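Each of the next two complexes has chain A plus one other chain: chain B in the first, chain C in the second.
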Partner chain A sequence: MSAPGAAVAPRTHVVLAALLRKELRVELRSFEAVPAMSLFSVTTFVLFHFALSRNTLSGDLASGVLWVTLLFAAMLGINRLFVADAEQGGFDGFLLSPADRSALLYAKALTLLAYLVVLELVAVPAFALLLLGPALWPALPGLLVVLALGDLGVVVIGTLVGALAVRTSVRDLLGPMISLPLLVPVLLCAARASSPVLAATRAGPLPLRWLVTLALYDLVFGLITFAVFDFLLED
Partner chain B sequence: MCARCRRAGRRRAGASRCGVAILAAIELRGLTRRYGERVALADVTLSLATGQTLAVLGPNGAGKTTLLRLLATLLRPHGGVVEVLGHPLPKENWAVRGRIGLLGHEPLLYRELSARENLALHGALHGVTGTRRSEELLAAVAMERRADEPLRTLSRGMVQRVAVARTLLHDPALLLLDEPRANLDPAASELVEPLIGRASGRTRVIVSHDPAGVLAEADLVLGLVRGRVALLAGAAELDAAALTELYR
Partner chain C sequence: MYGKRLRTLALTTFAALTLTLVLAFFWAPNDADQGFLQKIFYIHVPLAIVTLCGFIYGGVAAIAHLRTHDSRWDMRSYVAIHLSLVFGVGVLITGSIWAKGSWGVWWDWSEPTLVSFLLIMLLYATYQPLRFAIEDPERQARYASVFAITAGAFVPINFVIVRLSTAYLHPRVLGNVSANLPGRFQVVFYLSLVSIALLWITLWRYEMTSKHASAQLRALRRLLAGEDEEQLPRRSAVPTLSLETASAGSAEGGGGAR
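So, the complex of A and B:
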């Protein structure tokens, strides 16, 4: 045993791996986020199915329904992202350690990304089954590109807003209030970009303009989140 | 550390009568902290030498937990000077994090994880490699048999024992203990005594409501009332009645 007071700063990748293990175990044992997100998305598609009185959707409408549903489902995950840490003292435990603060940012971002991937593994087939007119397979490669960029935007904004809201007493209100306006450009770009690939005639090419705009938006918010995350953790 | 001076509870570090140089583990000068308009701590000044124990008493809402959280770098002071382990806070928070063990009202443990998993996480956060240290501590708090069960299935006393192990995992130089024996039965209290008691040999700040226990444990006693210093004296100069007065 070393002498008392000999603090050793751990390596970031070791901390990141430990935090990811913790996130995975907590979610697998509590089932608080991903099942709620998935159930919400499937239920919403069923409601759209009846509310629009249409058996199939395509193009702009299909794209809009898919992305609005995914974003609202993602809100559930964003709201839960930091709750276990805030309620069970994980934040304080982390802050008391000499660990690199960015490890928590990476861990939370990767966790939210994993939530979204699982959500989409459920939601996209359900959407194809319940609402989508054109076949999913021809559209899938293009849709995956848009989903990847859209997820990135949700992840950086969601992690930023989650960290900001969780230490307030009105986090359930503040989270959506801040993140939804910030996610409007993501919604706009992602819906416009995926509209041609969900068109009724045949899957068209991806509109590069919307993809580049979305990628730039992701980059800007990624940098902002990286820059301010440490400050959000501190008192 | 000069034992005679420790018993006398000299207020200032470095004020040893026998001339033995004493390094201040905690130095506060005019410490002030507010929550909005409400003043939680006002003008707190004291010095605690390395190896000494400071006991903090006072009625609910006196600012005791706020003081601990300030020393733990979890809160920022709004006025005055705070030096912990020779480093000014919050400027050098980074230098003292990892050298402090905080045992508060919250165990700082995840309910869905087992004791072993929680200790493995905190070990990774503090750069403690391997499982030897955590296994030693689990054995020391007699939790090795239940160490693989999620904490939500354990009693509060058992969780508190795991929290003691978590507090000591990285071998901290300074222990900040907020009613550390809360939820512990007498046998468990005895169990953790060598770990967080005077015998641990560490510098300690203890928040307590037990005047008799405080006098037995502390070198220096700080009494807070509504965030202000109502009492600051060596434990040897005080009796339980004087400490009870703080609560009237």
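So, the complex of A and C:
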């Protein structure tokens, strides 16, 4: 902060920290996203129990049910991610400040990631308790790797689509409609990668092929989101 | 500017399509495995390739729109995606017919090309609703461009990923085009590709001409009625071309800026 101009444009990490504090405060005051997402995931497991008429699941079916549930619960978070900014002038306030615009992208992506982590802290134990046949502990290390990569994919696509849909007149409809097709490859790779881990007999090794594909997909869409996000803020 | 030599182009397209169909039905030999049914290959595969290229062109035009802020590029992107959606429905229908004929089912999940095509269509089906849901024309154009770029990048990536996920259970005609197909098949296939691409380009230019003409008409009406008579444009998914752009396309530099 030696040059006089530096005081006008605050550094990105300072802005980022401020934005993250704001997101945390908003969520702690309103409890709009995370509790709904967690409750939704548990309810969905109950629905799957009745819809499939199964008491325990394993392998392909277990990983499919887990990922579809996580994805749909994530939709709730993606839909809420930008609502306060669009409705209560958060965008305008941010754009009036001299802050770097990508700070908003980073802050929102980290917020969505935090939503997903909290969601999974509830949903994965609930899944193990309610539906999963094999024990969770041996599967957990492998599952955590897949969850991390899958979350990353949901974060990059969810942040972009959330920002794209929020200032339309039908945002609750458009958000899932646009993001679900884009998330099919994430679901595909994540479900295939976690199904041997959740297998009934004994946890198999992680299929590396799917993890690499998923990581590449995350990377490519991360770059795309980074490249086009600014245009959604230009007003 | 899009109307120039449009009639020649249209006639060429018509002639090329007619020639393709005649050659496909009467000159190319029947396939040894599939017999007469294989003729649908000459429509289905080129149609799919042209559709995907149209989507990708829509993304490229959207990049140009975001860089230049020229509403003409948004119109090009819009018309390309719009047209490819129509072509894409044709691809899904011809693909289904082919699947029914050769495998006995209307839909086959083990055919990666068909599955990835469906995904792409599901994604692009949200393009028009997205545009329609944003009232401010300038923001609509910008958001639609962001969508078109993202979706355009999704097209090739999605193909790779879905293909990885599927075992090659069925013989794939497209994979053999350059290697194993006898000469006559190849000639008709490439001719068909060219004539369907010509069809796409002709229709694209017709729609561009029509959109420009109606933008000009609107501008002239507004001029006649005077500025105070200006009525609010109806809410629409179609890009708005501003007056400067509409008048013969000779506006200086960024004609789309308001």
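Convention: the second predicted complex is superposed on the first by the 228 of 235 C-alpha atoms of A that agree within 3 Å, B and C clash if a C-alpha of one lies under 4 Å from a C-alpha of the other, contacts with A are read in each partner's own complex, and residues count from 1 in each chain.
Here is the rule we use: a contact is a pair of C-beta atoms (placed from the backbone, for glycine too) under 8 Å apart; a residue touches a chain by one contact, two chains touch by 3 or more.
Treat the numbers as computed from the prediction; the structure is a model and nothing was measured.
Visitor: Looking at A:Leu182 after the superposition, I want to know if it touches chain B, chain C, both of them or none. Which is it: first, second, both, neither?
Guide: second
Visitor: Once chain A of both complexes is superposed, is A:Glu234 in touch with chain B (first), chain C (second), both, or neither?
Guide: Both partners.
Visitor: Which partner chains sit in contact with A:Leu164 here, chain B, chain C, both or neither? Use first/second/both/neither.
Guide: second
Visitor: Which partner chains sit in contact with A:Val146 here, chain B, chain C, both or neither? Use first/second/both/neither.
Guide: Touch partners of A:Val146: none, neither chain B nor chain C.
Visitor: For A:Tyr217, select first, second, both or neither according to whether it touches chain B, chain C, the two together, or no partner.
Guide: In the superposition, A:Tyr217 touches chain C alone.
Visitor: If we overlay the two complexes on their shared chain A, which of chain B and chain C does A:Met37 touch? Say first, second, both or neither.
Guide: Neither partner.
Visitor: Applying the document's definition of touch, where does A:Val14 land relative to chain B and chain C: first, second, both, or neither?
Guide: first
Visitor: Where does A:Leu174 make contact in the superposed view: on chain B (first), on chain C (second), on both, or on neither?
Guide: second
Visitor: Find the residues of chain A that appear in the contact set with chain B and again in the contact set with chain C.
Guide: In chain A, residues 234-235 are touched by chain B and also by chain C.
Visitor: Going by the contact rule at the top, pick out the chain A residues touching chain B in the complex.
Guide: 1-11, 14-15, 17-19, 21-22, 25-26, 29-30, 84, 88-90, 92-99, 234-235
Visitor: Please name which positions on chain C make contact with chain A in the complex.
Guide: Of all residues in chain C, those touching chain A are 66, 119-120, 122-123, 126, 129-130, 133-135, 139, 142-143, 145-147, 149-150, 153-154, 157-158, 161-162, 164-165.
Visitor: Can you list the residues on chain A that touch chain C in the complex?
Guide: Those residues of chain A that touch chain C are 160, 164-165, 167-171, 173-174, 177-178, 180-182, 184-185, 188-189, 192, 209, 213, 217, 220-221, 224, 227-228, 231-232, 234-235.
Visitor: In the complex of these two chains, what residues of chain B are touching chain A?
Guide: Residue list for chain B touching chain A: 72-76, 85, 94, 97-100, 102, 104, 106-113, 117, 120-122, 124-128, 133, 150, 166, 170-174, 201-202.
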